[in-house]
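Next, two complexes with chain A in common: one pairs it with chain B, the other with chain C.
On to the complex of A and B.
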């Protein structure tokens, strides 16, 4: 008995990697549609604010993530953008992470094509500029000083949508969808708190415990990781990649729980059987 | 985007993902190639974006039009590079002083407000849920009030745990012990969310690998997976037959 337990406790970790891959891959091949997704207040806090904006209002979206965190942030970014277009809001977007510029452009183009929106009239993508604190402070004063040209190289002042737009204080709502620093804390500190605008955010699972204290006083809502994205997708009635990924996450967590229980049980049983 | 580009992208994406995953078996040259490629592509992409989308419109274009305003920040920026030339490296101090002064001036007041005072407000807001001026005794309100009290208790006991000016005896010791439990609960929650985050990332890569297995992508995933396994077998055998270094 003890020999078997010793072998189990010292199993080659590569077998565990295979088990984890199998647990995540299984629901992708054969979706399980596990029940139990409940929309939380913090996710609804972002949804309600966008839902309440009248058509034609300006909404700011900052895509502050890069390809390394794409599976966590991309689905929520797409869902929020789709929601904004469905409400006929004018999107003023930018990003604080240089390596995420292509992803932000991809999200906007995809959602705009779906909704039949035109660049320059319904949305603009200002792109990236260095020094995040200076950029955040700058866009709340005069966006044209920070972004004289948009990401496509157009003169930002010449875009029809920005005809009456001068800075981010004119936004009806602002959302930052970020994977870390610079991101939500910077937008809160140098933007929303200082210039008194309403904002919400989306973040990775790792950042969630650290960002919780901002809700509900400093931000109206927080979309945490893939679970939050799945909740948002269900709120806008467009289940997509995050919603489908919940089965995989649940199965993966179940496996980790079993492994944790085993790790703790083995020494206990060994002591008991001595 | 042309069909060829999409298929090529799928092969590159699947190939690099599998190369990175091969590290789970053991360190090997394919993993190193993918790792270095990642760093190179990231730097290349960032520098290109910086030159064409930032330095171009903010420095080059205004200077070309006779606007000399960007000259001062550009000189301050160039000042950092003088660190590489010992004789004039003192000039970098001016640039550092500017950045430190500017950042401190901007950060200190807003940090006190946003990261301290407002967070304190958020901890206790609202301490007791009210409806039309009276205390709300609905189930949701009571649940909220209980969680606020737990939050306040956690805050105070954790602060006591880190308060070393008084000897931890009697009620202080009891409170600091409760504080440790709250810290442990936080660490557990942080670990749980970290696991969730990592699984989300794994799901993303596996989802793409599963997508690229299809005929449309000319079976990119299975073909590359077989090639990778073949490489790892040959590499492992070669490593085993290699004479040990003295």
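On to the complex of A and C.
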């Protein structure tokens, strides 16, 4: 008995990796539709602000993430963009992470095509510039000095949507969907708080406790990771990738719980059987 | 020459540091124009810093190749990656999709190389967390027990299945739902601790900034103190 328990306690980690793969892959291949998703106040804090904006208002979205955090941030970025288009808001978007430019472009194009929105009239993507703090400071003063051209190479001033737009202080609401630094704290410290702009954010699960101190004063809401994204998808009534990933998250977390229980029970059982 | 190397950077740091700090509290057009111009400068300098970084990292890898240091083969991959990235970037004019909607070579690299590679690196973390938790998360003290209990409650609250199971079993004994309780923990004690840390870090940053502006802290110049 003790030999078996010793083997179990020192099991080759590759078997644990196989269990993780199984726990994550199984619900993706065969969706289980596990129940229990509850919408939290912090996610609703972003949704309510966008919902309250009148059609035609400007909304700023900064896609501050890269492919490494795509599974966590991409779904919420898509959901927020879809929500903004559905409300007929004008999206002024950019990104602070150079490797995220392609993802931001993809999200905007996908959501715009779904909603039948036109580039330059309903949304613009300004792209990326180096030195994030200078960029944040700059876009709250004069976006054309920071982004003389948009991501497509057009003269930013020539875009019809930006005809009366000078800087981010004209935004009805601003959202940063980010995976770390530069990201939400920089937008709060150098932009939104100084210029009194209402803003919200989305972040990875690991960043959530660090960003909580800003909620609900400096930020009206916070969308944490894939679960937050699934909540947002359910709020806008468009379940997508985050919603589909919830089963995998549930099983993955429960696998950790089972393993935690097992590793703590083994020494106890060994002592008892002695 | 010595003035340019030693005193001049200190003077620039002092003048710009004080000006930027004071500017924050002056809502005047001149003050706005000043920070606007400075931000513009910073962006241009940062763009040039990328070239400097490229030169620096190239020197490191060239030296590795010359000395045949352990892992020198990875340096070849580095140069290969840079070369392919730059060539495809120039050919595609930095665009991932053409005006006609076709994917460029640069876009193909982004979607089929960078995306899966970065995603793979990040997801490996999940496997190691599971393995590490199984090996190391053992309750050997009261503190470890509290940590484990909190972890279990949070895991239950963070996944829909956990919330469902909680409510279907012991949730009825509590006046609040699990996600409400965890939201309270996150918004009250956790936030209080977080704000305390944030204020402490910020005060530390202010103190360090004052030392740099005053020329007391000079490590950025490459010296000892």
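In this text, the second predicted complex is superposed on the first by the 274 of 274 C-alpha atoms of A that agree within 3 Å, B and C clash if a C-alpha of one lies under 4 Å from a C-alpha of the other, contacts with A are read in each partner's own complex, and residues count from 1 in each chain.
FYI, contacts are C-beta pairs under 8 Å (C-beta built on N, C-alpha and C of every residue); 3 or more make two chains touch, one makes a residue touch a chain.
Values in this document were obtained by computation on a predicted structure and should not be read as measured data.
Visitor: One more residue to check, A:130. First (chain B), second (chain C), both or neither?
Guide: Both partners, chain B and chain C.
Visitor: With the two structures laid over each other on chain A, which partner does A:95 touch: chain B (first), chain C (second), both, or neither?
Guide: neither
Visitor: Is A:226 contacted by the first partner chain B, the second partner chain C, both or neither?
Guide: first
Visitor: Looking at A:217 after the superposition, I want to know if it touches chain B, chain C, both of them or none. Which is it: first, second, both, neither?
Guide: First partner only, chain B.
Visitor: With the two complexes superposed on chain A, say which partner A:138 touches: chain B (first), chain C (second), both, or neither.
Guide: A:138 sits against chain C, while chain B stays out of touch.
Visitor: Once the shared chain is lined up, is A:253 touching chain B (first), chain C (second), both, or neither of them?
Guide: In the superposition, A:253 contacts both chain B and chain C.
Visitor: For A:49, using the defined touch cut-off, is the partner it touches chain B, chain C, both, or neither? Pick first, second, both or neither.
Guide: neither
Visitor: Of the two partner chains, chain B (first) and chain C (second), which one does A:176 touch, if any: first, second, both, or neither?
Guide: A:176: touches no partner chain.
Visitor: Counting only touches as set out at the top, which of chain B and chain C does A:28 meet: first, second, both, neither?
Guide: first
Visitor: Touching chain B in one complex and chain C in the other: list those residues of chain A.
Guide: Residues 17, 20, 68-71, 99, 102, 129-130, 133, 137, 153, 194, 205, 208-209, 213, 215, 227, 249, 252-253, 256, which sit in both footprints.
Visitor: Touching residues of chain B toward chain A in the complex: what are they?
Guide: Chain B residues touching chain A: 24-25, 42, 45-46, 49-50, 53-54, 57-58, 61, 103, 106-107, 110-111, 113-115, 118-119, 121-123, 125, 186, 189-190, 193-197, 199-207, 210.
Visitor: Which of the residues in chain A come into contact with chain B in the complex?
Guide: Residues 14, 17, 20-21, 24-25, 28-29, 68-72, 98-99, 101-102, 127-130, 133, 137, 148-149, 151, 153, 185, 188-190, 193-194, 204-206, 208-209, 213-218, 224-227, 241, 245, 248-249, 252-253, 256.
Visitor: Chain A touches which residues of chain C in the complex?
Guide: 24, 32, 35-36, 38-40, 42-43, 45-47, 49-50, 93, 95-97, 107, 110-111, 114-119, 121-123, 126-127, 129-131, 133-135, 137-139, 148, 151-152, 155, 158-165, 167, 177, 179, 183, 186-187, 190-191, 194-195, 198
Visitor: Using the touch definition from the top, list the residues of chain A that touch chain C in their complex.
Guide: Chain A reaches chain C through residues 11, 13, 16-17, 19-20, 34-38, 40-42, 66-71, 99, 102-103, 105, 109, 129-131, 133-135, 137-138, 141-142, 145-146, 152-153, 194, 205, 208-210, 212-213, 215, 227, 230, 246-247, 249-257, 259-260, 262-264, 267.
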